[in-house]
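In structure tokens below, several structures.
Shared between the two complexes below is subunit A, which pairs with subunit B and subunit C, respectively.
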Partner chain A sequence: MPDKEQIALMGHLMRRAGFGAPHEELAARAAKGYEATVEELLHPEHQEAVDVELLYRFLPGYEGALGPPLNQAEWVYRMINTQRPLEEKMALFWHQLFATGNSKVDNPPELTQQIAMFREHGLGHFRNLLVELARNPAMIFWLDNNGNHRGAINENWGRELLELFSMGVGNYSEDDIKEASRAFTGWTIGPKIPRNPLGRFYWSFEYRPEDHDDGPKTFLGQTGDFNGEDIIDIVVKQPATARFLARHLYNFFVADEPQVPSWNITPPNDPAAIDALIASYDQSGGDIRAMLRTLFNSDFFKAARYSRVKSPAELVIGTARLVGNYQGPRPGFNALAFECAYQGQELLNPPSVESWHTGAEWIDGGALVRRVNFAAGLLGNTSLPGVQSIIENLQERGPMTPAQLVEACLELSGPVEVSDSTYSELLEQARQGGDVHWDSESNRAESGRRAGLMLALIAASRDFQFA
Partner chain B sequence: MLTTVAAGRVFDYSFCLGMYGMSGQGFWTPQDMALGENGIVYVINRGAEELGQRISRVTLDHQFLGQFGAYGRGDGQFIWPRSIALDNGNGGNNGNGIRVFATDDFLNRVSIFDADGAFLSGWGQPGSAAGELNGPAGIAIDHNRAGADGNVVIVDSLNHRIQRFTADGEYLGGFGSHGDADGQFNLPWGLCIGDDGAIYVADWKNRRVQKFDADGNFLQKFEASPSGIGALQGPTGVAVDSEGDVYVADWGSHQVQIYAPDGRFIASLVGDAQQPSPWTQTYIDANPDIIKARRRVDLEPEWRFRRPVAVKVDANDSIYVLEAARHRLQVYDKVKDYEEHPLNL
Partner chain C sequence: MATTKKDPVLVVLQLTGANDYLNTIIPYTNGHYRDARPKVGIPEDQALPIDGAPGLGFNPNMAPFKKLYDEGKVAVIHGIGYENSPRSHFRSMDIWHTCEPDIVGTEGWAARVIRDLDPNSENVLKGVNFGQGLPRALALRGVPITSVSSLESYGVLSSVPGVAAEAERAQILERFARMYAPAVGTGAVMDYLGQTGRDALQGADIIRSAPERYSSTVEYAETPIAKFLRDIAQVYLADLGTQVFYTQHGSFDTHFNQPPMHTKLWIDVSRAISDFFDDLKEHDAGDNLIMMLFTEFGRRVKDNGTGTDHGAGGVAFVIGNQVKGGMYSQYPSLKPEDLSQGDLAPNYDFRGFYSTVIDRWLGLDPVPIVGGNFEQLDFV
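Coming up: the complex of A and B.
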């Protein structure tokens, strides 16, 4: 039987490498072992994929979604129902890093295709992922590479590849951007059958050699007749790239860092952790899976419980998974997608290519109220299967003191680790009802109601806002 | 190809009908259709989330007559509209013509409307006990044959069984259970009733169609031959013509598979809507950029079936294929007097 500390550590891993898990799953995973669970997460191909036939049978509007929020809802469905949590979490990571938005692309299924590409390549080598990204139709349109022609370059993709997607500001020159852009001329999208009135048709990547500038280029000190893949080969060998990626992984999975635009002047909070991730990148030839193995098994990760503000997607998906009423197809996933947006993270439509600012910037007065109301509303709803499961677990523990009620609810809802002041407030509330009993129908009803209230209060706490 | 010749049969593409429309003229993720009198077709639209749920009334000559039903839980409303069937008007509408029966596989109920869409009544209780429903999908009414009783046969999908009711919802019996043996089902979807009262069920996850007699005794199945031809990847709808040929809307493979009465695979239809429907053409004609864009691409993906979900056959053995993802109906004729042209042209 795993002890509380092992379950708490597993809860931490599953919140970060996935979207959290109910207590029973945490206990089962902890019994299997921490490192074994890390390996299982790193190999999602060993788990069943989401049954898309079932999804599209019951929610056919999600297939080739005609418009938002259906494409967002489709992704929310997958994030909640996946048996491959890290695969989906990595898709979210790459979406936040390679931010592409429907506001310009205006082709929701293309964004969905991009996310599918992240699922497929998101745990592989960074080099391959960048090549796929450069070929991704939504990205090509988003950053205007379809307007990047031989003799008339458009620098948008070339610039963001270096600035936002691989190396970061300060590690290349304006000439490098121009030369990279020349190398990506001819990388475009083919015409497609227009949308409507017969549904959506997909773009496809098209390489047009007649539009490619095949002359010599000098990029980051190297000269040759570079094509796009040559540029990426050079980029992924840059120390700046390893460092940039390491900081992003740390910021997303370990602890909030300063906002990305300041990274060229602001050192990381934990330089040794970044160095460890860089070493993993170098040793593995840029293998994302290897970097994550290092990260999840590290002491700096294990010590970083509740040190990141949950993104809206993490809060919404994690809470929905915990309460268990979104298992399988049902109406309402669009409402969860809207909820992410109301809290400040409209999936598949980031505010710009610079993506969302993270950490404390997820929180403002309005967003906090929505976050609290959403989470407390679900966790306090004793009719939901996940909440009922928690109450059944409490009941099996028998009579309990108010302190035991607080501690058990915290344990079963995360485990959530709270500050002394939060704990005091929860205990004060629990004491108002006295000891908890389950020995009669009326006592069970009252104790269940009190448990729901306690869970709602936990969901409303400052501490619950952190992952 | 517009004309498919196989095993002594000829299937000739005729025309298409429909386009996407969130409401009004057009369909949105249509799931099933019913052929009414005087060329009127009823199409039930799934929509998405809280939008687009309705039954459209159109004619085969492309007139949009109206729609009824909407999102909601009230009488005559739908959350997940799924399938539709018509009775012949003799079964209890006081001589006031046909009635429209529609299933909702979220609300677990059947709603009944008159031919113009006025809500008449509804029935259905959620659950797994006899007579209860869990995800009612296909619906057929046994009235098109001698001795038919006008009863309603429903695919009770999430209970993996077939149930029979009177038109008023009184439970009469059922058959089937979860599994992949003969007579068992795995998330069955659509069904039809043949002229002899036989019941054909699209056994979706088992990737086959099963045929039963009117009492629910297993008779035969339609699936891939031992050599693999005629495989089904997710059958959703089934129909039988006057000669006993069986048409299967194979949602999973985007084809209609055709089998002889003995189960032998005959041919596939893949969709041939090279000429847009009048509704679609009007939309295109009104958008110069779309006209330009269409001239630069291979339009074949547009002709082809995308999620064919339901198939019906009329009294003349014309075949109607409804495509959920193209919001369209494609019509083929089974040509009886076809004369082969010289092949050495």
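Coming up: the complex of A and C.
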């Protein structure tokens, strides 16, 4: 039997490498061991993929979903139901980093294809991922590379590749941007197939040699007749790229960092951790999986419990997984997709290519109210299977004191670690009802109701806002 | 300084994504404009000529906006920006939000305004944001901002099952307040969450009263910006003491396929603003409020074939009954030799624009808010 500490650590790993897990799953995974679980997460290909045949039979609108919220709901479904939590979490990571929005692309199926590309390449080599990204039709359209022509560059993609996707501000010149843009001329979207009479066709990448500027270019001090892949080859060898990626992984998986635009002047909170991730990048030749293995097995990761503010997607998906009411195809995913948006993270439609501001900036008055109402509304609902399972577990423990009720509820809903002030308020709530009994129909009903209220208060706490 | 019967109110409307100055206030007789805009230029006969400003016209989709201008209620601030404009949305928006062009600032100028209007944070509704997520302009620890994505559904713990009676609900809210009470040594983020939670609890109770008290014959359009401006009108007309409202619309990032995108954007914004001021007029409440519109920078002079890339100098607006309408500052030269890296060279610092509003409308000292002394204009 895993002890409480092992369960708590597993809860931490699953919140970060996935979207959290109910108490039964944590116990089973902890019994398998921490490092074994890390390896399982790092190799999603060993687990069953989401059964899309089944999904699209029940929810046919999800297949090539043509608009919000269905396209967002399809992703929410996958995040909740996947057997490959890290694959889906990495897709979210790359979506937040390579932020591409429907506000401009106006083609949800193409954005869904981009997320599928993140699933496929998100744990591989960073170089390959950047090449796939440069060839991704939604990205080409989003950053106007289809308007980037020989003799008439459009520098949107060239700039953001360097500023936001690889190196960060301060590591290249305006000339480097222009030269990179020249190298990506001719990388465009193929002629679109008319929709009628057969419906919508996916866009495709097309390379047009006649529109490519094949003259010599000088980029980051190197000169040659560079094409786009050459630019990416140079970019991924830059120390700034290893560092930028390391900081993004740390910020997303370990602990909140200062906001991204300040990184060229603000040092990391834990320089040794960043150095360890950079070393992993260098040794593996830019292998994301290797960096994550280093990260999840490190002491700095294990010590970082509840040091990140949950993103809206993490809060919504994590709570939905906990209450167990969203297993398999059923209605209700649209509402969860809307909820992410209302809390400030509209999936597949980030506010701009600079993406969302994270950490404490997820929280403002309006967002906090929504987070609290959503999580308390679900965890306080004793008719939901995950909540019933928690109550059954409580019942198996027999009669309990108020303090035991508080501790058991915290343990089974995270385990959640709370501050003294939260704990004392929860204890006050528990004391008001006295000891907990399960020995009669009416006691069971009342004890269940009290457990629901306790879980709602936990979900409403400040502490629950952290992952 | 303008005088108002009640406390002066400011609405900030952010045009996110960099609005194209040249196609908003069109120099339609200027040969350089024609040369630079073969694909996304607006024909001379479509621009809406502006009285008293020879050669300049409003975008053809801004007719309701032009009507406000003709009534003398709109000030146009030309060539606005700052030196060494970085042409990055994120960076430039941060600079406009923080008034910090040299370092990455974290404090918002509008939040500093709210702090100075209400130094003891007595009214959690002093500043209200409408939208998803809070812009950095409103970020400042210790300054409560109520942020509302939709006025109809706002309230704390409004839907917890298992709450047996109204008395129990009140008790749960008290526990919530105590769980979010100040606690020593739990860290800056926990403190921030605590303050935000307490403020939200208080703000929610008050702001929910606004829609109940509101009625109007004005029918706003079914657009996001119209909905936000209608929400602002409701809260403003409910007299809850709010002095700074903030909202945004976008995206104005028209690199590609600009003509239809920019058309739709200005149809929606012009109509919404016009309806908003009609609504205030109907309630005889137009004299205490002005609205300012800004964007992070203008767009490149030369078009790229179907759109325009990131530029520098831009245009801002102030609207209201008490605004002295007209043209302020100068339209920057379009001569190729006068451009700065292909962009209009800004000739008026945005911090002077803020200073004018802060000093002459809100009656506060602008120097600490915008970080220095900047030339003010006479639009209010």
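Note that in this section the second predicted complex is superposed on the first by the 461 of 467 C-alpha atoms of A that agree within 3 Å, B and C clash if a C-alpha of one lies under 4 Å from a C-alpha of the other, contacts with A are read in each partner's own complex, and residues count from 1 in each chain.
The rule is simple: a residue touches a chain if its C-beta (ideal position, glycine included) is under 8 Å from a C-beta of that chain, and two chains touch if they have at least 3 such contacts.
Remember, predicted model here, so these are calculated numbers, not experimental data.
In the three-chain model built by superposing on subunit A, subunit B fits alongside subunit C with no clash. In the superposition on chain A, contact of A:K192 is made with subunit B only, not with subunit C. On the chain A superposition, the C-alpha centres give an angle at subunit A of 100° between subunit B and subunit C, rounded to a multiple of 10. Of the two partner chains placed around the shared chain by superposition, neither subunit B nor subunit C is touched by A:R208. The wider contact with subunit A, measured as residues touched, comes from C rather than the other of subunit B and subunit C. Looking at the shared chain after the overlay, A:K4 reaches neither subunit B nor subunit C. Legend: residue contacts after superposition of the two complexes on their common chain; A:R449 is shown touching subunit C, with no touch to subunit B.
Of the two partner chains placed by the overlay, neither subunit B nor subunit C lies in contact with A:R397.
Of the two partner chains, neither subunit B nor subunit C is touched by A:K32. Within the superposed three-chain model, A:E361 lies in touch with subunit C and out of touch with subunit B [touch as defined at top].
In the superposed model, A:H46 lies in contact with neither subunit B nor subunit C.
Once you line the two complexes up on chain A, you'll see the smallest CA to CA distance from subunit B to subunit C is 12 Å. On the subunit A side of its complex with subunit C, the touching residues are 103-104, 141, 144, 146-147, 149, 152, 154-156, 159, 163, 169, 256, 259, 261-262, 265-266, 309, 341-342, 344, 346, 351-354, 356-357, 359-361, 363-370, 372-373, 376-377, 380-383, 419-422, 425, 428-429, 449, 452-453, 456-457, 460-462, 465. Every residue of subunit A that touches subunit B in the complex is listed here, in rising order: 53-54, 56-66, 70, 73, 190-194, 196-199, 201, 330-334. Listed in rising order, the residues of subunit C touching subunit A in the complex are 16-17, 88-91, 94, 103-104, 124, 129, 132-134, 136, 138-139, 144-150, 154-164, 172, 175-176, 178-181, 183, 186, 188-190, 192-194, 196-197, 199-200, 203-204, 250-251, 253, 255-256, 304-307, 309.
Every residue of subunit B that touches subunit A in the complex is listed here, in rising order: 19-21, 26, 28-29, 31, 46-50, 52, 79-80, 105-106, 187, 189, 204-205, 234, 251-252, 276, 279-280, 283-284, 287, 289-290, 293-294, 296-297, 299, 301-302, 306-307, 324-328.
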